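Across the two complexes that follow, subunit A remains constant while its partner is subunit B and subsequently subunit C.
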Partner chain A sequence: MTQKTKIMLALKLAFKNLMGAGLRTWLNVSVLSFAFVIIIFYNGMIDGWNRQSRRDTQEWETGKGQFWHPEYDRYDAYTIKDAHAPMSEEIQAEVKKKNLAPVLITQATAFPQGRMQEVIIKGVDPEQTVLKLPTVTLVPSGDIDYAIIGKRMAESCKLNVGDRLLIRWRDKNGTFDAREIQIASIFKCDVPTVDKGQIYLSLDVLQKMMGMSNEVTMLVAGNGFINKDLKNWDFKDSAFLLADLDKIIQAKKAGGSIMEGLLLIIALIAIFDTQVLSIFRRQKEIGTYIALGMTRPQVVGIFTVEGGAHSILATLLGAVYGIPLFLLLGKVGISMKAAQMTDMAIAETIYPFYSLRLIIITIFLVVISATIVSYLPARKISKMKPTDALKGKLQ
Partner chain B sequence: MENSSIIKIEKLVKRFPVGKTEFTALNDISVSFGAGEFAGLVGPSGSGKTTLLNIMGSLDSPSEGDVDVLGRSVSSLSHKQSAKLRNHHIGFIFQTYNLLPVYTVYENVEFALLLQKLSGSERKKAVMDSLEWVGLTDKVKSRPSMLSGGECQRVAIARSMVKRPEIVLADEPTANLDSKNSHNILQTMKNLNRELKTTFIFATHDEKVMQYLNRIIFLEDGKIVKDNLINDSKN
Partner chain C sequence: MKKIFMLFVSAIFLISFTNPNANVILDKVDKNMSSKNRIFESEMIIHGRRTSRTITSISYSAGNKQSFIEYLSPAREQGTKMLKLENQLWIYSPSTDRIIQISGHMLRQSVMGSDLSYEDMMDDRKLNDIYTANVTGNETIDGRNTYVLELIAKVDNAAYHHQKIWVDTERFVPLKQEMFARSGQLLKRTTLSDVKQVQGRWFPMSMVYKDVLKDGNGTEFRITSAKFDQKIPDYIFTKAALKQ
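What follows is the complex of A and B.
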């Protein structure tokens, strides 16, 4: 018998026996298919979130990378005071070409509705196109200094478009100053670090307020910017800038994998149990296979394939209800309104992303694990005496 | 015995462990079977009939002595060689039929051939021939659960004969059948024995079977007590 014939025979026998087992098979297959669909669904959701968050963070905050003043540390507010330097002619030329978006950052205090709140003020070039921020509304008009804020900031400060807000800051000499700014627009952004506690002013206005003519804290690189070596500026690539997001995603994946693992274990225990029962109940059949001329490894192979075939049926069953479900979720998305209140970069609606890689890895995982748990009880067959098996007297 | 021996047993001893002691199931058995015999091992329960049949079928191995089947020493065969011997040269018929429940009659009979290098058309011809011998060509698509006991045993006979083995070992083949079915089955096997010159060896204590045998070997407590050749057998 050729190897191909052996495999075909084992598969044929396996499916015949599985179909013959009726409800027992379908219960196992249902549980396994549920685990299969949940694994793909959850990972698809995380991947969708990851893709969406990365895209949003790049579009709204990090661009294709950032050049930081050497003193600047985004986790240390005390570094902001000294983290500024003038833009060289080379940088100004790139800014003009809209390849770089200059940003000046300072700390300040805002007084919304008579309350006091620490804020970060960012001066951004109104004509920049590197970031998605609606900076065009920052173009000065008369004596009014316009500002833009995010939806979260607007809600927390109870501010609306047209409202005036008193801000107080220290200039480069450490002198306090204050003035009123007017909210020109409120933008909706899924990246909390762009929104919460942030006020955006025109770069010129902030430079004048700070007495830092032509100075900036960082430069955000756009798609057109190729040079990654600007003298006296530290380049931070996307991997660095998105590291926090990656950590959150990894943590979510790890948390999810525990749930997936438990679900998979339940399904595998069901298969294991079925296999043990099957081998116990079908001793005469095993003896008959051997009497008809099969070797014991061949019989072990049949039972292993039979157990493993649960995973193939589970894949097919999972596809029957999983594909329409995934297509629907991919179209309407999953509401994440509650999660938007957190500090995670998460959109109001997440659109799951099911990659071919994810599907193949999941199928592989389910098939391999089902085959392993099927093989473990089947090994007992190799120790069976055919005469005892034929009598069905093994315990 | 007018024919050359295809099974030759010399000083066979078979012991089974029972707790810390051993039980001797077969003791100093020496016997030969020629090609085309229709012989029976007869004796009460526990006399060693099935054990002897299993050893001849290479399903079990002797504790002592030599058992040669078709020129191969059973005790020196590997698992793979034993399986090959059973697959190509020995057919089994069991008391409880041992048909595969999820398979149709056709598939049950075909099973033994799937392990051999035969083309689909060769297999089909062999299966249909075999089912014709036992008169079940109209039941090819039935499953064992849809058949009577007699029909199941005929399927088992067809399965044992489909590969045209030199030897068929039948363990109490009529024990679960009524008188009419028993005679039908035995007549079928007798015909196959005559037409194909296949050696049939039975383990039985059914008198109906004994009526058909050419040779009866009486076993008692693991020993051969009588070996009778019967020339005037039924049919």
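What follows is the complex of A and C.
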């Protein structure tokens, strides 16, 4: 008998025995297929969230990287006061080419409906195209200073387009100033750090308000900007700027893996249990195989393949109901409205992303783990005496 | 036309003749309001939308660079201490047993929900050092004659670009003060009353601070005991005193 014939024989026997077991097999396969589908679904959802959030954050906030004033630290509000410097001619040329979007940041207090709210004011060039912000509405008209805010900010301050908002700030010397601004537009953005507690004004307007002519806090790089070495500005790449998002995704994946592991363990325990029962009940069959000339390892192989074949059936069954389900979810998405209230960058609807890598890794994980738990009880066969096995004696 | 012009010139002459020099007034105000050091026991009544709460405290100040405040009641605030040295401010909270430095953005937040920000507490330079004053007229407040002074910042780093101040013509104590933004927007209003003579100087024992940009009835500050030019031990103005 060639090796190939032996394998084919083992597979044939395994599938015949599995089908013969009927409901027991299908129960095991169902549980395993459920674990299989859940693993793909959850990871697909996280990957979909990750892709959307990265894309949104880059489009709305980080661009292709940012150049920070050396004093600036986004986690330390105390640094904002001193983090500003004039733009060099080289930078101004890049701004004109729309390769860089300059941003000036300052802190202020807004007074919506007589309430007091600390806000961050960002001055952005109305003509910039690097970020998705609708800055074109900031183009000044007459004496009115226009502002744009996000939906979250508008809801928290109860503001609508056309409303006026009184803001108070301190200029570069620390002198208080106050004036009314008018809300020109309210944008909808899935990145809370672009929206919450933030007001966007025209860069020129904010520079005048602060007495910081031509000065900015940071420069956001667009697709066309490739120079990463601007003198006196620190370049922060996407890996740095998206590190928080990566950490959240990793944490979510780690949390999800516990749930996936538990599901898989339940399915594998069922297979293990089935294997133990099979070996106990089918001793005569084992003895017959050995009597017919099969070596013990070959018999162990048959039983291991039989157990492992659960995973193949589970994969097929999972595909039967999983593929339509995944296609549907990929089209309609999953609502994440509740999660939008948090500080995480998350879209209102997440569209899961199922990569080939994810599917292959999950199949591999299910098949390997099912095979291992099938092998463990089958090892007992190697210690059986064929004569006793044929008699069906308990060993 | 000639008559009107003469009348106008005479009016200006009369005002300038009857009103003393604005800087002299400010000097007298500073002499009343500033001291080498002082110890106040006070009540701060914060009027909220629905209720009011009273916080009592004792404060020690030396010049305008050092000050130490200990809150005595209510129980929730009892033991909270604040220390200001130059332009740095620390707060000690007994519930956390920690000393926190207040700086940057946090300085703009209100002190215990009042209309006063930490920044307001920090900036207590003499008016004459920051502003150029002009007497713009006379008004009566609560039956007291006052000089109305317009103060315009002469330094770059004044918190308020200009102020309007009503000074009692006899006691040289401000009875009302309005602070304006560079744009002319009125930001804060302080009303001072219950002027008493303490150790030879006139001093307002009651003040109402109002942030006019936000709703509410402002914050009352009543001094129950004021002592000037006392001997204050040096250790009071150290961080170690916060935890004592």
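Assume the second predicted complex is superposed on the first by the 394 of 395 C-alpha atoms of A that agree within 3 Å, B and C clash if a C-alpha of one lies under 4 Å from a C-alpha of the other, contacts with A are read in each partner's own complex, and residues count from 1 in each chain.
We adopt the following convention: a residue touches a chain if its C-beta (ideal position, glycine included) is under 8 Å from a C-beta of that chain, and two chains touch if they have at least 3 such contacts.
Being a predicted model, the structure only gives us computed values, none of them experimental.
*Asks:* Between subunit B and subunit C, positioned on subunit A by superposition, is the outcome a clash or a fit?
*Replies:* After superposition on subunit A, which the two structures share, subunit B sits beside subunit C with no clash.
*Asks:* Once both structures are overlaid, what angle do subunit B and subunit C make about subunit A, taking C-alpha centres and a multiple of 10 degrees?
*Replies:* Spelled out: centre of subunit A as vertex, angle of 150 degrees.
*Asks:* Once chain A of both complexes is superposed, is A:Gly293 in touch with subunit B (first), subunit C (second), both, or neither?
*Replies:* After superposing on A, A:Gly293 lies in contact with subunit B but is clear of subunit C.
*Asks:* In the overlaid three-chain picture, which partner chain does A:Glu285 touch, first (subunit B) or second (subunit C), both, or neither?
*Replies:* In the superposition, A:Glu285 contacts subunit B only.
*Asks:* State whether A:Tyr78 touches subunit B only (first), subunit C only (second), both chains, or neither.
*Replies:* second
*Asks:* For A:Leu390 in the superposed arrangement: first (subunit B), second (subunit C), both or neither?
*Replies:* first
*Asks:* Taking the superposition on A as described, I'd like to know which of subunit B and subunit C A:Leu9 touches: first, second, both or neither.
*Replies:* first
*Asks:* Quick one: classify A:Met19 as touching subunit B (first), subunit C (second), both or neither.
*Replies:* So A:Met19 only meets subunit B here.
*Asks:* Look at the superposition and give the distance in whole angstrom between the closest pair of CA atoms, one from subunit B and one from subunit C.
*Replies:* 72
*Asks:* Residue numbers of subunit B touching subunit A in their complex, please.
*Replies:* Spelled out, the residues of subunit B in touch with subunit A are 51, 54, 57, 59-60, 79-80, 83-84, 86-88, 92, 94, 96, 98, 100-103, 107, 111-112, 114-117, 159.
*Asks:* Which residues, counting only subunit A, touch subunit B once they are in their complex?
*Replies:* Counting only subunit A, the residues touching subunit B are 1-2, 5, 9, 16-17, 19-20, 284-285, 287-288, 290-296, 298, 385-387, 390.
*Asks:* Please name which positions on subunit A make contact with subunit C in the complex.
*Replies:* Residue positions touching the partner: 77-78, 80-81, 107, 109, 111, 113-116, 118, 166, 168, 170-171, 173-179.
*Asks:* Mind pulling up the subunit C residues that touch subunit A in the complex?
*Replies:* 103-105, 108-110, 153, 156-161, 179, 181-183, 185, 187, 211, 213-216
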